[in-house]
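Each of the next two complexes has chain A plus one other chain: chain B in the first, chain C in the second.
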Partner chain A sequence: MEIIVPIRQVPDVALNIRVNEGKVVEDGVSFVISSWDETAIEGALQMTEELGGEVTLLGIGPERVSEALRKGLAMGAHKAIHVLYEEGQTDSFGYAKIMAKVMEGRNYDLILTGKQAQDTDAGLTASMLAEFLDLPQVTNIIRFSDLAVDGMTLYRKGDHGTEVIGIKLPAVVTVNDSLNEPRLASMRGIMMAKKKPMETLSPSDLGMGAEELGLQGSMTEVLKFEKPESRKEGERFEGDETETVPMAIQKLVSEAKLAV
Partner chain B sequence: MGSTAGKNWTEEDEKLLLETIDKWVENEVKPIAREYDQEDKYPHELVESMKDLGLFGATISPEYGGMGLPASVYAKVIIKVASVWMAPSGIFNSHLIMASAIERCGTDEQKTNWLPKMASGEFRGGIALTEPNAGTDLQAILTRADRNEQGYLLNGTKMWITNSMYGNCLLVLAKTDLNAKPAHKGMSAFLCQKNEGYEVSKKLKKLGYRSIDSCELTLVDKQVSSDALLGGEEGRGLQQVLGGLELGRINVAARGAGIAEGALKMAVDYAQERETFGQPISQHQAVQLKLAKMATRVEASKLLVGSAANKFDSGERCDMEAGMAKYFASEAGVFCSQEAMRIFGGYSYSTEYEIERFYRDAMLMCIGEGTNELQQLIIAKQLLERNKG
Partner chain C sequence: MTERMWNNHEMRSSYDVVIIGGGAHGLATAYYLAKNHGITNIAVIEQKFIGYGGSGRNTAILRSNYRTEEGILFYDQSLKLYEDLAQELDYNLMFSQQGHFTLGHSTASMQALTTRAAYNRALGVNSTILDPPEIKKMLPEIDISNHPRYPIMGALYHPPGGIIRHDAVVWSYARGADQRGVHIHQLTEVQDILVENGEVRGVKTNRGTIHCKQVVSCVAGWSSEICKMVGIKLPLVTHPLQALVTTDYKPWLHHVVVSSTLHIYLSQTDRGELVCGNGIDHYPHYGMRSTLGFLESYAAHLLELFPILHNVTVQRQWAGLCDMTPDYSPIISMVDDVDGFYINCGWGTWGFKGSPASGWNTAQMVAERKTPDMIAAFRHDRYVKNRLVGEKAAASVGN
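Take a look at the complex of A and B:
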């Protein structure tokens, strides 16, 4: 089974992210693989471990994206494609277009990726990609079974419970992070990652012109980023609960206008 | 090792590895530390994940299936583990000291027979030097290896041997000539499998460094083949063993630095949570002075460990530097864990907090791998030798 896993590199949310003049300050920020995409890598590795075949990672972005790809290779993916892309702001539509170009002429049974990116939370790219490639798609899976090269059963977390869906391959599938616990990159994995093939492409290698890239190739534009206001300190009521609970309720009614 | 190791580890690899170690420590080591330490329970599941991560082959050369990690990166791994729970680092540390002795001094056959299996963690070892009556003064050991037709017959008792119960092999120091003068010329080291070369007679109960198997061994007429003699030559055992001590000291130094760092972190967190006289105790200057002293020693320890390790990696002689790092960082571990105990006040004595474990574990770093008294003698000796008047 040949699986392509598009991954996105995002700022590490464990660190303090600063916003300056409407832009995220990249200086001093460390970047990681978006967590849902890491889950997708793990899922793809498990599938190829069962059925054979290879996992190919796809990353789009500046030079630093190669670090994310190396990490995925160290986890066990077999090869990687890096579209070296410095165009700056690009929306899900723009990225999905580039991915669709990369897929042209490639052999794959499945495109597996995170259900959304950790930084934008848009959750649109995979669906648009499926549309461009005219492939079936299932989003937000929490489990898979009955694995075969031409199809499988997917368990999708839907609004009203788990949907059990049969799908024919090739297809685009996105994962929920409860699908698995991604493995750590072992030392052997890290050593071997360097020897694995990483193909670097530019948008022009893909036959894409300026009108298809960056803002021009996007359908939406982010005007600026605003830092969420930090939460105000709460109020503590100390003492016996027979006194503090009524006091708290009183406050909720008078200040927060809670209807009782 | 030293000179060949590490050439293939780039900065990017190092970053990836340390990220992996951070996650492993956070997800697998930290959650079990308190319970396992208190119940003196061996962390078998960590052994499995250490195998997966490749830790048993960390400093073994790639040609024998290891990772060829330079000492400088390896030390950072140890610091990270020890800053959460020092004990598990012993599972692969003592093992790697045995492996390094084989790689430095073994015959080609010994290297190919032992190292790949050690790198994968199939063989897990340690070193058996200390005896009930001899630790610092290793030339006073009584374990003997008498040559016979099948090889050597081992007899003696060993004490405090790490990894001897749950591991499966050890490098055993013994005397092949009881009358040699100086005594070290009659000492040899043997590669032994458990039960064939030695038997564990007792798992020792300990103040700290719990969960790890430190045991007493008995060797009664244990027959080993002549292939077991490290390097195939008698009389070199003490040098072979002491030759690994530079790296061994860097490792113990790293553990000390890790304990110091872990204790500091806990103290910094706690000092900001605990309030007295209407403010967090971190706002009292007496507590701030403690934190400043601790943080400075943590930083200094890490720098000393790093500089000794870099020297080791470049193939330079570093016994003095490794001794300094070991001496300073292990004392920093003791200092910081004690100061943290004071900052935690009464709660430091509660087994619900973890600082008491750091306090119990720290002292061992001053004793193992050459006591700190001995380190100071080595430092002074080197100092005088390098600066002859």
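Take a look at the complex of A and C:
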């Protein structure tokens, strides 16, 4: 079973993200694999461990994206494709188009990726990719079963329950983080990742011109980023409970407009 | 009601002593000023939270097997203070004196280790040279064959060395200082140091100005920035140092292992994780980013020493800042041109193990306004007087 896993490298959201003049400050930021994509890598590894075949990672972006790909290779993926891409702002449509170009002429049974990227939370790229490739798609899966090279059963999480869907391959599938617990890279995996094949392509290698890249190739534009307003400092009531509890309730009613 | 280990206080407009930096060195200085010298009107000013810097980012290895007389005596005092610290501060610091190996992989490194062992023993510090079969007896999983690129030729073994719970050291010093009346002000940034006619008058912070006649800088990686405020230039270069921790495994490694040639050191915590460190990053930088390059080189070198660890998985990595001095020894010093300003810095990769002696002697220096004999060699002007205290040969890894 041949699986391609598109991954996105995102700023580590566990750390403080700084915004300056409407742009995210990249200096000093650690970049990591988007967590849903890590889940997709783990899912793909489990599938190939059962059925054989290889997992190919696909990353699009500047030189630093090769680190994310090597981390995915250290987890156990077999090879990687890096589209070296420095075009700046690109939306889901733009990325989906580049991915579709990468897929041309390649042999794959499944494209498995995260349900959305951790930085934009858009959740559009995989669906757009499925449309470009004219493939069936299932999003937000929490489980798979009846695995075979030509199809499988997928469990899709919805608001009010779980849909159980049979799908024929090839297809595009996105994963929810409850699908699995991604494995950590082992010392041997980290060493072996250095020797695994990584194919580096440029947009021009894919036959893409300037009109298909960056803002020109996108359908939306992010005008600016704004940091959420920080929460106001709380008020502490110290002393005897018979006095402080009524004081706190009065504040909740008068300032927080809580109906008692 | 919850009892806090240390309390928040309103900032006073003046203190007798202001200590900049709420790490192990700053808090230990405050604690010993209060305990040994009865000076309690002290503020510890911390830009983030206590233990945010090197005190919370080191690999918690303690040892005193240094190379120079000054270094050996100072770190021996520190280790002895550590031995009694849990009882003194009434806090379980999980100090495990499990013994410390420094591996030698060449004739030259074995000569250097042999010299260290002799110096250590001459000054009463327990250190000895072991040959590969003796090492294998104590570290059965280590590869002592001649297959690796750097075969093991011997080791400096230092029985009193070990590991401790670093956060607990910070917390317990903070509690000890707080109980004696010291004010710890977290999230407070020093913006300037006020000096008039060559004398310290106070510090300007983002929460207001504090008047004081004595200021101690214990800010390690940020020392150049603080010293700039009083017009002092120090020969410090700040480099990041990276470390990692693995998932937990059944106890198998019962000693600290260091290889300066392979640039690695590791120990196993009581929880079972391997805590692993490397040499400093080669570029001066204030960023604390973790890199894949560090992971890759660490994995390669670790597997040379312990091939059985190939399936060990990495849980987390982090980085801290090291204020490196040219001679790999600290700077603990009064400043002739600025009366009342004291420098405690240059702790590079050797700071955590020196914390108690650093605090003890800095406190004495501040209280008596003269340099104690123990740290006389660590004055800041030794670099212009060419009286270096060369400890590079005793640095854990070949930085």
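Basically, the second predicted complex is superposed on the first by the 238 of 260 C-alpha atoms of A that agree within 3 Å, B and C clash if a C-alpha of one lies under 4 Å from a C-alpha of the other, contacts with A are read in each partner's own complex, and residues count from 1 in each chain.
We take it that a residue touches a chain if its C-beta (ideal position, glycine included) is under 8 Å from a C-beta of that chain, and two chains touch if they have at least 3 such contacts.
No experiment lies behind these values; they were computed from the predicted model shown.
> If chain A is used to align the two complexes, do chain B and chain C fit next to each other or clash?
By the criteria stated at the top, chain C and chain B clash after superposition.
> Does chain C touch more residues of chain A than chain B does, or is it the other way round?
Higher number of touched chain A residues: C.
> Would you sort A:54 into first (chain B), second (chain C), both or neither based on which partner it touches?
In the superposition, A:54 touches no partner, neither chain B nor chain C.
> In the overlay, answer first, second, both or neither for which of chain B and chain C A:119 touches.
It touches nothing on chain B or chain C.
> Quick one: classify A:28 as touching chain B (first), chain C (second), both or neither.
second
> For A:67, select first, second, both or neither according to whether it touches chain B, chain C, the two together, or no partner.
Both: A:67 reaches chain B and chain C.
> In the superposed arrangement, does A:190 touch chain B (first), chain C (second), both or neither?
So A:190 meets both chain B and chain C here.
> Superposition on A: which chain B stretch among 61-69, 133-141, 151-159 or 223-231 collides with chain C?
Between chain B and chain C, the clashing stretch is 61-69.
> Same chain A residues contacting chain B and chain C, which ones?
67, 70-71, 74, 184-188, 190-191, 193-194
> Would you mind writing out the residues of chain A in touch with chain B in their complex?
67, 70-71, 74, 184-188, 190-191, 193-194
> Name, in rising order, each residue of chain B that touches chain A in their complex.
8, 10, 12-13, 15-17, 19-20, 23-24, 52-55, 57-58, 62, 67, 69
> Within the complex, which stretch of chain C touches chain A?
By the definition above, chain C touches chain A via 247, 287, 289-292, 295-296, 299-300, 302-303, 309-315.
> In the complex formed with chain C, which residues of chain A make contact?
28-30, 67, 70-71, 74, 183-188, 190-191, 193-194
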